[in-house]
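Read from first to last, the chains carry the letters A, B, C and D; within each, the first residue is number 1.
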Amino acid sequence: MIKFKLNGLEVQVEEGTTLLEAAHFYGFPVPTLCYHEGLSNWGGCRLCIVELKQGNQSRIVSSCTYLAQNDLNVFTNSEKVVKIRKTIIETMLATVPTSKIVQDLASKYGVHRVRVAVENKDCLLCGLCTRMCIEQMDGKAIGLVGRGDSLKITTAFDKRSDTCRLCGGCIYICPACQIRCIGPNIEKDGPICNACANLEPPCLDQFENMMCYMDPCVACEIGTEKPVKSKL
Amino acid sequence: MEATQLEQIVLENGASRNGIIAMLQEIQSRENYLSEDNLSYLSDRLDIPLIDLYGIASFYKSFSMTPVGDNIIHVCLGTACHVRGAEPILEEIERKLDIKAGETTPDNKFTLKTVNCLGACALGPIVLINGRYFGNTSMQKVTDILQQYGYIAEVAPETT
Amino acid sequence: MAKLSIEDLKNLRDTMYRKMTNEENPKIIVHMGTCGIASGAQEIYDTIVRELTQEKINVTLKTSGCAGLCSREPMITIQLPGKAPVKYADLNPKKVIKILNQHIRNGVPVADYALAIGSETTY
Amino acid sequence: MGSKRTTIYVCMGTSCDARKSRRLQEAFSRALKDKGLHDEIDVSATSCLGYCDEGPNILIEPENLMYHNLNEEDVPFFIEEHFIKGNRLENYILAPGNGELKIPDMTDINFFKHQRLVVLRNRGRLEPDSIDEYIAMDGYAALSKVLEEYTPESIIVEIIDSGLRGRGGAGFPTGRKWQICRNAPGNEKYIVCNADEGDPGAFMDRSILESDPHAVIEGMIIGARAIGANQGFVYIRDEYPLAVQRIKKAIQQAEDYGLLGDHILGSDFSFTLKIVRGAGAFVCGEETALLASIEGKVGRPRQRPPFPVIKGLWRKPTNINNVETWANVPHIIRNGAKWFSNIGTAKSKGTKIFSLVGKVTNTGLVEVPMGITLREVIFDIGAGIPGDKKFKAVQIGGPSGGCLPDKMLDIPIDYDQLVQAGAMMGSGGLIVMDETTCMVDLAKYFTKFLYEESCGKCWSCREGLRRMLEILTKITEGKAKEEDLDTLRDLAEMTKYASMCGLGQTAANPVLSTLKYFEKEYILHVRYKRCPAKVCKALINFYVIPERCTGCMRCVAACPTGAITGPRSEPHNIDQSKCIKCRACYEICKFNAIEDVIVDAIVIK
């Protein structure tokens, strides 16, 4: 067993437990976005950051990728963590203002302003869909491609993948949630290219050969119209 | 590339995942780009999902997924070159060839790329064409350098 | 090449050291790191080869990596037997031909082109 | 002294001193006294006379005659012959000192004078493609010493005692790292040489590999012996074709000689070395990303712990050091830990190689003892700023380092002091900037660089950099408000603290350090829409000064857009609508007739 301090509380967990799992087990709310129980831990969204303190030194790590170790002193909600987390949510909100999940996070963590340019992207590049595709669905169709400015989620060579079974797992798990895939070659390949280049939020009814896991459909719930900028 | 050549590259690099980057480098150096067919072959042969190979190939800067021109121009944008004025030189080449960095001229003569430091910082700004270094370049030298590789300068319009 | 033992290595070291320090011929080192090559060291090297093959002077021509002062490349070092090495900087083929004439053939360094004489300080 | 007829100057330069010139001087004093000549002939020490390879050297004035290769035993004979009998000893004559040696000595040239070589000691001297020459310079002597006299544990003790710290960045003690790796559970271990020198402006690793590749190989074999690894990798940048070629050849030669492979030098120790070429990704300089790349994966860093020394390549303990660190190892073993720890400061031992580039007169590679100040490096070795320009800042530590202003130049080069100043040692790039470098533009440059090189995994790094770039672009275009500077700070903080790997955690340093030391320049851009360095295009316009223009047409020919017109011999005119502000005219004008005028210039104090 690993013994350490979590928000001042002496806790113990089994070896191999992440700090996130430990925090959730002991009832401390730590927000996540790119984390999913059924998928491997990625550590991309950085929402689940916690502060490790040791004497005068402090370090911030993502709790979903950090394994619990003896004698750690972990704080899930320190001043520093909260401040940085708010900046993360603020930038997320500016990037994908239509995401219900991000809107909820903003409301929960009191993010009331967006100081950077508001965009209308539909993807957080959190990689949940790619892990869903390969780890749960054995689809091996989509992945993170490129880096820096060219980073995106797509299929190989931006073409319809031979291995994709149109299972819709990627859509089911997407936190940006308007993912209704309209690929770059909609006219040629049809509406489902599994490129996740979700540009518009169309209605699922149009796609007969797709399984929809959304119940209730978040898109339907909030309507197909994107919130106008003035709401922010 | 022929399947036998590809197979040889695979075998020379251990026919396993560990050698994948070396294999891609070999293909890149022979054909100047990575074609979909070649990647598909590697994907089948090594049982690596095509999307993984595509992810690797697109992650590293030295790989290209589109065919490149006969002459490859690299403009160094390292810090030392930057403070000595590499950007105006890049822009000048872009204007002269009428392409942006990363593109190839329609006649397939030139591909223009940027690189983040060639390690010859003392001689900045540096332009590298087909492996040959041009140190201490300036905007005035650009036409001259390009002409050595078959660039034909437009006749300057008469100024009044 | 046979695999060396520790003893072989020591013998090789002594032989090579004697050979290098008792060089009978003038020695020319062309500094050919990337920066040297980028500023034209290959041209310098070729010039020297061309010049020397026409004559019967025995010269040990070598290359080395960067000599450190990249802004003054291309550089060469000339060491006559029993003399301190002289480093030349900012070279071009023309200067090199003059250096070969004066320094190698007549033993007088070309002070105008020379950067420095002697070796660097090591710990 | 003036009353004396002749003076014998005995060279006390480093290499003559090493050849016991001090004792030679004493011998001269003694012998002169014996012969009763000490009133006529003075003996004096002098700084280096050059010809260091011939020492110990003496110069006799006013005869202007230099003698070399003298032993103290020779002295009585020498005095007898030269001073009493008046015979010149041709065998000992080095060169006629013509009073004004036109060629300066290495040790008199500022660029070389302040340098002290350890790692680069063979630069410019050895044929890199010849293992024999390396061996002649005591190459692989450290390896045979290790195999004969050391246990793996005692090698580690030696390295720990030497105080060697990693030369690639944060400066973790090398010996401690080796020890952790050696003690890590598992029989199979690896070592890696990180030669993915991605910092733009740094090229010391390239130069070491190009000029002395065997030193790196020897260091790695010794490290492998200490750690208990039988397989090593050199992960090298693909942008360095010559270095790749030379290290490849060097490995081949070492294998041929049995210095790599099974039963090295007849011992029971076996070690093989393989080259892995990088493929152009800056982030692969980060240890975990580098390992992923060797394993044939996308070079994305992963969470540490577990650290590579515990779980690295294929989850086996893996010790990674950079080129310069490995190249230090043979010298430490050969000369001893004490020798090494005598060089440098209390906590930073040995020498450090810097690539001195940018707006500085002498550019190149310099190796200096730790503890030397930045000012000495830039102004003594580098000979200051060319032209009549003023020094503005020096960027140290690569993109992740910081920009230090003039007032910080007197801090000694030392891992901890640099971190305190807001920079870091990094791999050792020193980029000098003068008044024509705009610090906001520079911060923008680094932010753009890092954004493009970010692997994209962490939101904080990828989006933090993208948003910082957005704001910096606004600033350089004169569109920013003062609140934006606070946002910039918040974003920088997010990037710094919330990112997973070293790239992200240090990616905000260029912004933070320029904000700290050059805030005034930011304010000038934001509040007054001014770029004092005249770099930011949106804030400057170019005009011809008619009084100075001679109408030479040079700028007309240079202008890439045809914006400048005017008949010959009459002042030209710049069409502002066509001008792309490329500076071509400004730089080509010989009469200072083109002025870059600042839009809405407001003079502030």
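Convention: a contact is a pair of C-beta atoms (placed from the backbone, for glycine too) under 8 Å apart; a residue touches a chain by one contact, two chains touch by 3 or more.
The structure presented is a predicted model; accordingly, all values stated were derived computationally and were not measured.
Novice: Decide which interface, B-D or C-D, involves more C-beta pairs in contact, and give its chain pair.
Specialist: C-D
Novice: Averaging over Cα atoms per chain, report the distance between chain C and chain D in Å.
Specialist: Their C-alpha centroids are separated by 24 Å.
Novice: Compute the distance, rounded to whole Å, between the mean C-alpha positions of chain B and chain D.
Specialist: 28
Novice: Could you state the distance in Å from the CA-based centre of chain B to that of chain C?
Specialist: Here the centre of chain C sits 35 Å away from the centre of chain B.
Novice: Centre to centre, by mean C-alpha position, how many angstrom separate chain A and chain D?
Specialist: 42
Novice: Scan chain D for residues touching two or more other chains and write them down.
Specialist: 203, 206, 240, 281, 298, 363-364, 453, 455
Novice: Would you pick out the residues of chain B that each touch at least 2 other chains?
Specialist: Residues 55, 59, 118-122 of chain B each touch two or more of the other chains.
Novice: Please list all residues of chain A that touch 2 or more other chains.
Specialist: Residues 144, 146-147.
Novice: Where do chains touch, given as pairs?
Specialist: Listed in label order, the chain pairs in contact are A-B, A-D, B-C, B-D, C-D.
Novice: Flag every residue of chain B that touches chain C in the complex, lowest number first.
Specialist: 118-123, 126, 133-135
Novice: Which positions of chain A touch chain B when the two form their complex?
Specialist: 134, 140-147, 150, 155-157, 161, 163
Novice: Across the complex, what residues on chain A touch chain D?
Specialist: Residue positions touching the partner: 42-47, 49, 60-62, 65-67, 69, 80, 83-84, 87-88, 91-92, 94-95, 115-117, 124-127, 144, 146-149, 151.
Novice: In the complex of these two chains, what residues of chain D are touching chain C?
Specialist: By the definition above, chain D touches chain C via 14-15, 48, 50-54, 95, 101-109, 111-113, 115-118, 120-121, 123-129, 132-133, 135-141, 144, 147-148, 203, 206-207, 210-212, 240, 242-243, 246, 256-259, 261, 263, 265-266, 339, 343, 351, 361-366, 369.
Novice: Please name which positions on chain D make contact with chain A in the complex.
Specialist: Of all residues in chain D, those touching chain A are 281, 283, 298, 302-303, 305, 451-460, 462-464, 466-467, 470-471, 483-484, 487, 490-491, 493-494, 497-500.
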